[in-house]
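Here the chain labels run A, B, C and D in written order, and each chain numbers its own residues starting at 1.
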Amino acid sequence: MNILDIDSLTMRFGGLLALADVSFHVARGEILGLIGPNGAGKSTMFNCISGVLRPTEGDMLFEKDGKLMRINGYKPEKMTHFGVARTFQNVRLFSALTVLDNVRIGRHCRTKANFFGAVLRTRSQKEEEQRIVDESMNWLKFVDLEKFVFNTAGSLSYGFQRKLEIARSLATEPRLLLLDEPAAGMNPKETKSLIDLIHKISDLGVTVILIEHDMKLVMSICRRLVVLDHGIKIAEGGPREIRANPKVIEAYLGRGAADA
Amino acid sequence: MNPNLKTTLKYLLLAAVFVYPLFSFANEYVLHVMVLIMIYMVLAMGLNIIPGFCGLLDLGYVGFYGIGAYTAGLLTIHFGLSFWVIVPLAALNGAIWGVLLGAPTLRLTGDYFAIVTFGFSELVVLFLTNEIWLTRGPLGLPGIDPVIIDFSWLSTLIHPQWDWYWEFIGPQPYFYLGLFLVALVYVIMGRMEDSRLGRAWFAIREDSIAASSCGVNLLTYKVIGFAISAAIGAVAGAFLARWTMFLSPDMFKFWESFLILCMVVLGGLGNFKGSLVGAAILIALGEVLRIILPALNLPTETRFLAYGMIMVLMMRFKPMGFFPAIATQSRKNPILIKLKKDLGSS
Amino acid sequence: MIGKTWLKAVMACCLVLVLSTPALAETIRIAVASPFTGALAGYGDNVKAGVTLKVEEINAQGGIDGKQIRVEWMDEQCEPREAATVSARIAQNRNIVGVVGHLCSSAHLAALPNYLRHGVPVIAPTTTAVAISEQSKDRAGNTWAFRVVYRDDYQGEFLAEYVNEVLELKNIAVFYENNDYGIGLKNAFVGKAKDLGLNIVGEEAYVSGASDFNPQLTRLRGRNPDGLFISGYYPEGALIAGQADGLGMQVAKFGADGFDNVDYINLAGSAAENTYLTVPFLADAAEGDAQEFLQNFRERFNREVDWMSANAYDAAGILLEAIAEAGADRAKIREYIASINSPENAYHGIAGMTYFNDVGDTLKPAFVKMVKDGEFVAAPVQFE
Amino acid sequence: MFEQQLINGLTLGMIYALIAVGYTMVYGVIQLINFAHGEIFMLSAFLAVTFITVFGLPIYVVIVLTMGCCALIGVMLDIFAYRPLRQSPRLAALITAIGMSIFLQNLAMIIWGSRPKPFVQDALPAFLRTTALTVGDANISWLQMSIFGTASMLMIALFLIINKTRVGTAMRALSQNRTGAALMGINVNRVISFTFALGSAMGAVAGIMVAIYYNTLYPTMGYVAGVKAFAAAVLGGIGSVPGAMIGGIVLGIAEALGAGYISSLYRDGIAYAVMIAVIIFRPSGILGKSTVEKV
């Protein structure tokens, strides 16, 4: 069964057509690569799925309790609640807060203590706080950041910040994880550990959509790829097909490259 | 300084302040100023939620202060309600207005929100000034009863000769009541800060888009923050009403909003303990200048000249405030202390 | 963190404590509480001038019992909160035996509880609010708060009668300042005017510190009044007169003591002509002392005297006389002032004679001045 | 009566607009609400009167001289108070602005005294107070005409400076992206100082016009006018110069009509209520561009 169906999605910003009639689907449990040159509309696609933007036309269907439901127009926090988590192209951490606090905030949508619980320090609130810390620690261990629990997020190196952002999004218990260029700015060693991490995430049963420019990384972990160019889907298929697709080559290398 | 010595000294000083009003040499003016400082401590802590925790500029906090004060004053004069009933009612009224103002406007960005809050507080003052049938307007609201603790109904049941009835006269009882109020708000602030609620606020402050992708409903949590902040401001107002026993719309001009904001910034945005220092410094500064300037043979008229200059200098050399660290309360969270220990030992 | 926080807060408080310990000196100290900074500092300056003149006179004569008088100038910006703090400071300092102040009624009302509880005699030169009468006694029934100015209700009614009988205006437009003074005065005037059968064609308000009155005046102009009653102070009053003139409203203007400042004419220029105002004293009608005072005032401050300075001069005079007669003791001073309770033992100041009733209010005759050829002159018809 | 109220409102609005451009330009380049701007407006009135009474200069010279002095004050304000705080949190600069506002206000009070002063009427041409034309039942004086004229002229000049000159281009670049502008070789500090100078000069003209129009000046006059003008700047869309002009005029007219037809007691309240309503329905003001954060 598909976890996400994108059906002729269109996104306009004034006169600019960022996504034009894009359709594809994501199967439950797969790692899908979303690639394309700069300005192709990849991040716009993520912003639509995660609720930051409301698409102009078309449908987005997300699997919930075994049924597909239309998710156009839901706010980001609602999408997180449904089980869609994401990272950002430019890392967006709560940089003045500690690493642990960042992940604890990720637990927000799965917990429910309110003002009165907090002020009266009820038993259930205390238990919940303990659970939040335990679970957050598990996620930090999952991404190998347990050494930095009490450091401020802003003080981490770029690679670790990326990982922390992944840990934070995992803490929301997603079923679909959107990773926006997770390897950008990483050295080869960090990239390698990232590949392992993505595999580990997939092993948990989380479906992953990946935007990435590092073709080696994409080709090595994605079974299937969707290619966008100027808001139009130009190709879809396995890594080998895509690599051979003349349209893709043209999009990346310019007209003429495919003929040569 | 040796940390142990420091702790001891700190508690000694606290104890000294605590017993000071009981001595016969206690200076009533000093006590008066201390009570005033405590009111501003409550206000500054309450305001800190908005610019400090949620990262929104609020230029109209005095509106809620005024709403609380007049709620308390009118309920006292017309219905003779007890202070202990009035405080929750004032808080509730403040919170209601916080929600009414916040719900439609908290989606505004940055300075647009700031100017809306400012406009609101001006409207509150205009209402208090113009609706003479209700508030007596510029004539002021004199003759508000002081705080009364009345357990006579209980004492007569126990013993006919006993009369457990105390009326607050002079600054001493208000000092302790104020201290209680500061402590109460302090504890509430600490507990809120180190909770799911506080973390959601800090997330909004640090990066609202990331916060919403963590599942934080931005508007809801901003409105909650605004309502709580308003309620705290209203409580301070209720205390003020029963302490000064006189209210006038002049007491809630927008300069007060700025003053409280200055306290918050000076103490450190997002650090509610810093707000205590900010309040103490800015109120004490006004009084210190009142005393020092004549001693230096400078005319009274130079008082605010110096005040403004000192404010500028403080910001010049402490642009982040005295205590820039945020979310410090979690350092005392037993769960985290234990975690730290476990991590250290492994 | 918390340690340092508390430490600093406590240290700040201690600093206040240390600095506020009273200094010992061979002087008699009185306090003057008024706005010396802020929007209303101009009025505070008037009070300061009046008191300064009186104190300098006494000190030049050798002070009281050989002790010089020292004045503590207490700035309260006309803000009730500041006034309450200032009054606590005054009350605490036992060396201060009496107070001249406050300037604004709201500040005065906020300060009174402290004075009453500690027993500080206080004489207000300018507070006209009616509500003060109910707040002037302590629990034992002793009056501690006095004022040398008549109440709003008296002036307002007086003015209504004057307008009716002497000026013979029938259609009155009322323009009042939205503060305790303006409203109190206006209410008294309107109430009396209606009783007298005058026609109040419109009531408009403005806020103090405003500078544009055209919208309200335009509205009032539409009602064709033959008189404009401006219930407020001279700075706004002058602008109102000027703007009314600009709008082509050639009507008689009248106000109360709030207008009695030569700046009214300076600011309003030719538009000030044909303005009538009630005042507690008339320079022309004043006795010998007063003429000397006027002369001294002009020399010392290089401006014409206004009613605030005159009242402050008298208020300080009463307080200092009480100190001289009864000694530098708060309770005795209070008793002495309270005993000035009939025309026979009234204090004869430059603003006429002053005596107090049971609640500390004063009963004074009111006079009428008018602006003629760019100067204040006594109105041709006075009124008893 | 309506025409008269409209004229009243328009005059008021022109003055607000002149002050508001000072707020909005500074906000545009450094995102600072310069609360001390109102005090510059106040200082200009006092400086002008001082120049006339002490040095006996003719009014036209005085206006130019005052504009220059206020521009200088604005630049000094920037250099001494705000420049050290460029890298600090925005609120630190805001508090500094409030502190400077208190300082300047009290400084003026100490120098010139706290009582209101009349403007020197003798220095003005006599025809100013006479009626220029009559529209319906409204009289428009030459003074009002010259306020309209001066304000409009200055607005056009400002528009030309911002859109047609090199420094104007630099200002616009700065308001888009300060780092980018610096990388393009723009001397950021100099452009910011120029912005302060320009805004202060505009405020100075407004100050003199208010002092002449109402024939009064006092140390706290900058406070209220400044706050209203700030509201006008926000109403028009803070950061937008044409927005500030429109915001000022809208606010002035709303105030005059509100006071004339609804309630003079709620005069300021009507201005604020209009402002709040506009902002709720147009969250970035009348002409402000809503900035969408790039994710």
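Convention: a contact is a pair of C-beta atoms (placed from the backbone, for glycine too) under 8 Å apart; a residue touches a chain by one contact, two chains touch by 3 or more.
Remember, predicted model here, so these are calculated numbers, not experimental data.
The most central chain, judged by C-alpha centres against the centre of all protein C-alpha atoms, is B. By number of C-beta pairs in contact, B-C leads over the other of A-B and B-C.
Taking the mean of C-alpha positions as each chain's centre, the chain lying farthest from the centre of chain C is A.
Measuring from the averaged C-alpha position of chain A to that of chain B gives a distance of 42 Å. For the pair chain C and chain D, the distance between C-alpha centroids works out to 35 Å.
Between chain A and chain C, the centres computed from C-alpha atoms are 72 Å apart.
Multi-chain contact residues of chain C, defined as those touching 2 or more other chains: 37-38, 41, 178, 207. In chain A, the residues that touch at least two other chains are 52, 88.
Shared contact sites, meaning residues of chain D that touch two or more other chains, fall at 106, 109, 114, 265, 268, 295. Residues 6-7, 9-10, 13-14, 16-17, 27-30, 32-34, 36-37, 41, 129-130, 132, 137-140, 142-143, 169-171, 244-248, 250-251, 253, 273-274, 276-277, 279-281, 284, 287-288, 290-292, 294, 299-301, 303-304, 322-323, 325, 328, 331 of chain B touch chain C in their complex. Listed in rising order, the residues of chain B touching chain D in the complex are 51, 57, 104-105, 107-109, 111-112, 114-116, 118-120, 122-123, 126-127, 129-130, 209, 254, 258, 261-262, 265-266, 269, 301-305, 307-312, 315-316, 319-321. Remark: chain A residues 50, 52, 75-77, 80-81, 85-86, 88, 92-98, 100-101, 104-106, 108-115, 117-119, 121, 125, 128-130, 132-133, 137, 146, 149-150, 168-169, 172 touch chain B in the complex.
Those residues of chain D that touch chain C in the complex are listed here as 1, 4-5, 8-9, 12, 106, 109, 113-118, 121, 129, 139, 141, 210, 214-216, 218-221, 223-224, 255-260, 264-265, 267-268. On chain C, the positions that touch chain D within their shared complex are 37-39, 41-42, 44-45, 178, 204-207, 209-212, 214-216, 218-219, 221-222, 235, 238-239, 242-243, 246-248, 263, 266-269.
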